[in-house]
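There are two complexes below, and they share chain A, which is joined by chain B in the first and by chain C in the second.
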Partner chain A sequence: MAASAVAAPTRNEVLWLYRSLLRVARQFCDYNIREYTKRRTIDAFRHNQKLTDSSKVAAAFADGKAQLEVAKRQCIVYSLYAPKVKSVMDVKRSA
Partner chain B sequence: MALRAAVLRHIRVPVGTLTATGPKPLQWSLCSSLRFFSSHDDHLTKEEVIERVLSIVKSFPKVDPAQVTPDVHFQKDLGLDSLDNVEIVMALEEEFKLEIPDKEADKIDSCHLAIEYIYNHPLAG
Partner chain C sequence: MKGIKVAGRPLYLDMQATSPVDPRVLDAMLPFYVSRYGNPHSRTHLYGWESEMAVEAARSQVAALIGASLKEIIFTSGATESNNISVKGVMHFYKEKRRHVITTQTEHKCVLDSCRHLQQEGFEVTYLPVGSDGIIDLERLRREIRPDTGLVSVMTVNNEIGVIQPMEEIGRICKEFSVPFHTDAAQALGKIPIDVEKWNVSLMSLSGHKVYGPKGVGALYMRRRPRIRVEPQMNGGGQERGIRSGTVPTPLVVGMGAACEVAMKEMEYDDKRITALQERLLNGIREKLEGVVVNGSVERRYAGNLNLSFAYVEGESLLMGLKEVAVSSGSACTSASLEPSYVLRALGVDEDMAHTSIRYGIGRFTTEEEIDRAVELTVKQVEKLREMSPLYEMVKEGIDIKQIHWAQH
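Moving on to the complex of A and B:
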């Protein structure tokens, strides 16, 4: 019953999650966290790309959604304590 | 004692000049942001859009730069999948400082469509 209650997400839902995570990743003020979140998102989706079992897909999707909430929350928290000095990587990019 | 005072006075000079030059970076950043806003006035030319879109697609790690043309299809011609497609559209958003809604972003699956969308977008910069 529990398995049938959690249906596997559609293709569009998965792509929405992927895009949302990448969007949140861009908003972090710290270069390292920004890059880590992006890298972690891409790696995790590649890792779970070949999943076929619908319950496993649903579990991975639910996990991703939870991570999206964490990322959104942390993005706000980190913005309140933003470093005063930019990372040297950011300075290079804007120059 | 007189020597000490002289030295101290001498040392204070660089501190004074430091505070005087302090606000300079702020003025620079103001100037650059103003220039950024004013760049919206002149719209991008089609050639510029094509060139920048192609350079973004070419710089994508999985893409063979030699295969990229303005009419290339991301998944059929370049062997990318839907995840790569999302990544390319996100990279284009960053390059042109746009926010493409999900519905539109799903439709962009080729260089041609990306160029059309960005060229017709009023805020593309």
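Moving on to the complex of A and C:
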């Protein structure tokens, strides 16, 4: 665990994490959580773009992976208990 | 709901009443609702140990957010209980020598009610007035402190108007006179930086569900050096160092801890966004409407709370008209009554303006689109109501409505 945390992720791995987070974000049925997860992902990656220290990049990557697992689980939980009526913000958009 | 037809669930702008649980918080809580159900006070098996470890981890997460040590955190059922323990507990403990409490007129109901209770027991209470900006006068506070003053209780961020009191200065005055200082920081936790050392607070009430945590849990910070002591309200198994007996609810406490940890990481990001959204909301409304007043100080306020009054409009009609926006006129506790808020009255807001207040609560999950929609709907509704209002017509004709003598009815 400690050894893998030090090695900085490759460019492909980072892109994979970014795309995976956005994909899960889109699947949230709750309007606010969906928008937040998208926004937070984009802003966090933009913020961490400037990171050069490989241990910091690795830490940010590990954190992102942990967040992805949380998002995947919560996406399911939210879908299990989704209210029948959608948010007014979702209703108008589709109309 | 009966009689109300809406196209969808309203957009939520009532973050001061309660906030949604952050998915990261729920994710931390769920394991303790399924397999890890042990009583954290059980010392004889793994179930107890793992729960106790989780509770202690949560305690340090809460402590870290306010700059305290984990031994100074007591878990309670919420800020109301913490306020009750603080106000009544301190005064009961030191009742031989200390007979006087100082608080403000704009405190939350649970502090005011606890004070009222103390008055019935023969204690004296001073309710400090506030200026039109909602902030207390520090010189007045200094003057009101007596040799037998046992507690000064001033809330950090007001729940109705979002005004931030000068905590450091109040703390300094309390230290000067060695009076314990209690603050209700339920609305401040995770939103503005809190430092119990810098503010010199002896007791601080915290709530879980105002920081995207679960409802039914809160915490009380109790200073260890110099030690502040309270008389417990609940007697029993002696949990939480005897201050709050009763089994600690592991899932809720874990949730509150997780909420504090997320808040610590996200405070700067959230604050930047919420400030921008508040400006967008205020500018959007002000661009299209005249006679919009911000209640409370504009500079010294938490951005997530925007309390506005709309002149010549009846508040209840406006609230009813804003079906697609979940907002309130003030505190959720008093939202059932048609009386104008006592907080706005303490500010000296005119009766008519106090009747038309709307509190917009912006939070972590609020979007730009929601703000734009709220602006659009508010403007539409206010314009519609003003069109019907004879008062507004008179004002437009140049009649000063303050000069009108209304016949008694």
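Points to keep in mind about this one:
Here, the second predicted complex is superposed on the first by the 90 of 95 C-alpha atoms of A that agree within 3 Å, B and C clash if a C-alpha of one lies under 4 Å from a C-alpha of the other, contacts with A are read in each partner's own complex, and residues count from 1 in each chain.
Everything that follows uses one rule, which is that contacts are C-beta pairs under 8 Å (C-beta built on N, C-alpha and C of every residue); 3 or more make two chains touch, one makes a residue touch a chain.
None of the values given here were measured: they were computed from a predicted structure.
Once both complexes are superposed on chain A, the partners chain B and chain C fit side by side without clashing. With chain A as the corner point and C-alpha centres for all three chains, the angle toward chain B and chain C works out to 100 degrees, nearest 10. Of the two partner chains placed around the shared chain by superposition, chain B is the only one that A:Arg19 touches, whereas chain C remains out of contact. Once the two structures are superposed, chain B and chain C can be ranked by residues of chain A touched, with C on top. After overlaying the two complexes on the shared chain, residue contacts for A:Val77 are found with chain C alone; chain B is out of touch. Once the two complexes are laid over each other on the shared chain, residue contacts for A:Arg11 go to chain B alone; chain C is not touched. In the superposed model, A:Asp90 lies in contact with chain C only, and not with chain B.
In the superposition on chain A, contact of A:Asn32 is made with chain C only, not with chain B.
By the touch criterion stated above, A:Ile42 is placed in contact with chain B alone, chain C being left untouched. The gap separating chain B from chain C at its narrowest, counted between C-alpha atoms of the superposed chains, is 11 angstrom.
Overlap of the chain B and chain C interfaces on chain A: none, as no residue is touched by both. Note for the complex: chain C touches chain A at residues 6-12, 20, 23-24, 26-27, 30, 269, 324, 364-367, 369-370, 373. Residue ranges of chain B in contact with chain A, taken from their complex: 82-83, 86-87, 90, 94, 102, 105-106.
Chain A meets chain C in the complex at residues 32-33, 35-36, 39-40, 43, 67, 70-71, 73-74, 77-78, 83, 85-92.
The touching residues of chain A, when paired with chain B in their complex, are 11-12, 15-16, 18-19, 22-23, 26, 42, 45-46, 49.
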